[in-house]
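Shown next, in structure tokens, is the structure this report addresses.
Order of writing sets the labels: A, B, C, D, E and F. Residues in every chain begin at 1.
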């Protein structure tokens, strides 16, 4: 059940207590991939996971802009402050819970959202009338996760599988040439990244090889992520929340 | 240029200073129309207006949830607080302006957003590095505007024209029966509405006759709204902003 | 019962559950009318309405400064941010309700306060221990409302009836000459006003003809507004609030 | 020049850089004195001081409700949170400064406002485009200050001089009987008051003897306070603010 | 019981309902005394008072930075905004209360914290699940309090008694020469201090004579303060809080 | 240079532009280790790193309470909200920068602070007049990091080396028995932890074997962490910040 398409009477009759809330980002993904990559992927995975789950899950509309100021040097990147993002997600979860959909998995497509989502789902679970956990798709695709990068093999492969018309194949070479191999500017032996902004370490905005994954890999990633989300939804649905409240 | 589909290099090369930001709501629209009606309409009109405008306009991704707590008694209605909504819109406009798209028309599909949008566009224009104004599509369709209602003839007609599969025609009668003729619970001679929530005056969530407009009317409404938005974009592009800053 | 003049034992003994809270603005009203026009009018109407009402109503002290940054280009105009204004009104209503005066009509004299008052009265009614609605006097004077303007026929007439010493009759001509006929700078067919500040469309700060209404009209306006407020107070006192809470 | 009565052209022509902002409270002052005592006194003293000062001073409208939750157990007491109060005062000073009235003395009538005013005037002076200091009238009447109390000899005497009709002389005895001799519930040798609310130590709301001062004393207090304010205005007008900014 | 040193099982077994929270400042205290003077003194007094009290008292870790922007012109002075300081103290008290330590004395070493602590302890006591009061050590040492100054005889004497290695005795003369005799820049007959920052009235940062108190005086001050705190803890432990909640 | 011990003239004369700010937590670390473990460790490592660095570094006082609500079920655990924590750290960094110490390494001892520190150091670096990065000691000790746990081998070993009197060796067995092997309650194949609070997965509060590391390991860890911090300080001192601002 997609809330965008459902009527209020549909929701009333479905009587779900489980929802997924896709959250993306609209931010640079290199010269070859669209700004909307993270939002598109979050939505795709959320729908696939909900479809696979054996039970009713409401799919909320996708939050399109997240915590992405780190990409501000690349044109078209949109962002809201972490405070604003947390408030937006918290309020939406609050209104889902108002209608009884008080077990919410936030399906995330953007690494920069991870800390804020960890915080806001904990806050909601401890202090509001809902239980929420985050799920970031590229952390739930098995060993592939280690090759994530940015606008790199994984994200580009998933686009090739789901939105091939949005991949500018003729710019892959340019994307690759300006790419960084790794994310950040690290001091050896610490986990401290000196670069707060991505333009400090990548010229094209890309990290990793955008040519490193085809549509078949994309299909596999989607399958893996959907299966993981299915397991998570089952666990959330079954969880005893007595101790949380 | 849709930012969701464009790459950062596309935005850089387009060098636009004009953007539209569609803002909707995900809220009850009666038993016959989807919760996403306002977001869908805002997006449709924004795209149509931008297409008609003779010049480059960036179309930002649609903000899907707005100020709609008034519908909280109807299942599936989502909302954020007015403060959260203003912060989200302000931050998104700020990031658009960061890239030079500092003349922004917020294209709105929901009456409940109007006061918050008036406030935030004034704040942005006076205190931030952007100029912004709101545009609400159903206030820009000539005399038709007077029949707006809620989930009534206009909104349903526009859905019939653009998303007919989302209109449950077999529930129109139920929608009509539980509908209110007018919005609110007014004290005679004042403009004070005693009802803060819509459930106080409508049973089906509808105001007006959802059968009162067909797809042809929908086409006409879209044409009128797009023409109005085109005129507004022209005026905003031409405006001397020296005095604003 | 005016709270400013009453003692705490008077309030305790009166045991009212109904209050009016006048809110004004201190802002330019042309060269002929005082900055305090809106606060004075709100207070006058609140007192007249409370006097006409058949029952006990507490009249709270007038909030003198509101949402008026739009007039910032005219000397002496004072304002607070919309957030500050909402907080101030919300807190005052909260303390009224603490003493049992939990049905509150906010009597408003300034158009710029209308959106913020709509928001804060809804917030209070939904989330605090009070029920509140706004009432703007010039929206409650029948057909006269259409001639409102700013520092124009209605406001000046009411001053002539209640505070004639504050009208500079010898400057009416100057006020008229620099006046605008209508409020705002509109794009045809939209309800979008391009001008966030009033100095963009009026030189004297006035909209409408300040000579267009004499003291007799002022008396009539006060009578109409007081009668409307009386009806509203009756409706608020009688309202079943079970569903609001 | 009272801003409430002046027109914008008056303010423009006066070209003052000095303003006084009266701030009161609407709170219990015993069974004999009105809730508005502090606001009335702040306004009276502000006007008297401005009149005595040899130069142009704008008198802003009085902020009627302050930080007074400590009196919440007495009916009719109004309050806003300290945060709200600081925001309101800060914003008003900001708008005064916008017009060049950037040296502001906040004339205060309520002890409970003192800490918040100390904070907000420092904040304004360090971080905004204005210089502000607080002035509390009963701290500026020489040795009389030590007898302040609450609703006691000083405040009642000043009312007798300026608003005799608001003193319920027939309730003085009741006020006295329920009064406390001193403010608070102190632990010996500390300056720690265990009582956050006044109802913990006074039954009538009064501290001190409300019969202890007649109208002559009131006249003397007003004269002393006005003279002190005059000296302060002179010092503020003459102050070199280079180092503050 | 010092919370820093105790384990969670120690706290569980101690079952205390009383806690002291030392709050200091890290700010200039002249050329002869360390920036940490106020934090050190708050901690010393808190420990001494808790040791003297006949019962279990948890000693929380010291909040090291407070409201001290007034000293910003002197190198090394640290500060947080009053809002931040109140939030930090309020949250810490809230977590103490979560474990049943819901009677809290905030032991303060810095005059600039006094208004903020008065406000936050009242807020906590009225609106949270705890009772809290402030205690400032140099206001609880009998007649000595009148000689407080800043980096003057009292604070330096207490350092000589407790941390003699931190007093630069060879700079006492320099400290004295640049010192002010009194705090602030006052307008005669008012209690208005025109100087928001200390650099406006003291060159060395000192007020009073830093040579005016030896270690014996320091011992006496500590003894007096500890005895006062002991009395306060007894009063707080015995207080009936029914009326507060 | 420790700011707590230094005088303002010392700071002025040192003219440092580099500072370390230790931030801890006061929270359960099992029945054998003190609540202050994280604050103590942060301070120890900050001092050791600053001592090893070849140049002037100011050591700010330790922020004792952080983001630790996850341990709320264990007595004595203190916490502030993430918002409060970020504000406190941001304000302190702001005051360091005011004096020219505008390159700040936040030395952290608590995993729960990591997301908030990532956010606030980015905010400060992008929007304030300082550059800041976080450093978490147990992420900078080479391969040992993988055995971190909570109150486990690493933290206990470091305590044995630096504060042996605070380790309750006779409770190690109890700590071990109630310990969890791993942190959290994970859904297979996702990185989603279902447990927002630690009491959901550990009975003693411990994760890992608290007997698994002796004082020699503690010395090694301190040496490794100090060396890492030294390298980071060098990198921060040398960094070209032109692009950050």
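As a working rule, contacts are C-beta pairs under 8 Å (C-beta built on N, C-alpha and C of every residue); 3 or more make two chains touch, one makes a residue touch a chain.
Quick caveat: nothing in here was measured; it's all calculated off a predicted structure.
Within the contact network of the assembly, the step distance from chain D to chain F comes to 2. Listing every chain that touches chain A and chain B alike gives an empty result.
Over half of the residue numbers found at the chain A and chain F interface occur in both copies, marking it as a same-residue contact.
Of all the chains, the one whose CA centre sits at the greatest distance from that of chain E is B. Note on chain placement: the centre of chain A and the centre of chain E lie 48 Å apart, centres being C-alpha means. Centroids of chain C and chain D (each the mean of its C-alpha atoms) stand 26 Å apart.
Shared contact sites, meaning residues of chain A that touch two or more other chains, fall at 69, 83.
A ring topology is adopted by the chain contact network, closed into one cycle in which each chain touches exactly two others. The sequence of chains round the contact ring, opened at chain E and continued through chain F, runs E, F, A, B, C, D. Of all the residues in chain B, the ones that touch chain A in their complex are 3-12, 26, 28-36, 39-40, 58, 60-65, 69, 72, 74-81, 83-84, 87-88, 91-92, 95-96, 98-99, 166, 168, 171, 205. Those residues of chain D that touch chain E in the shared complex are 69-70, 82-83, 114-116, 118-119, 121-123, 125-126, 133-136, 139-140, 142, 187-194, 196-197, 199-200, 224, 227-229, 231-232, 235-236, 239, 243-244.
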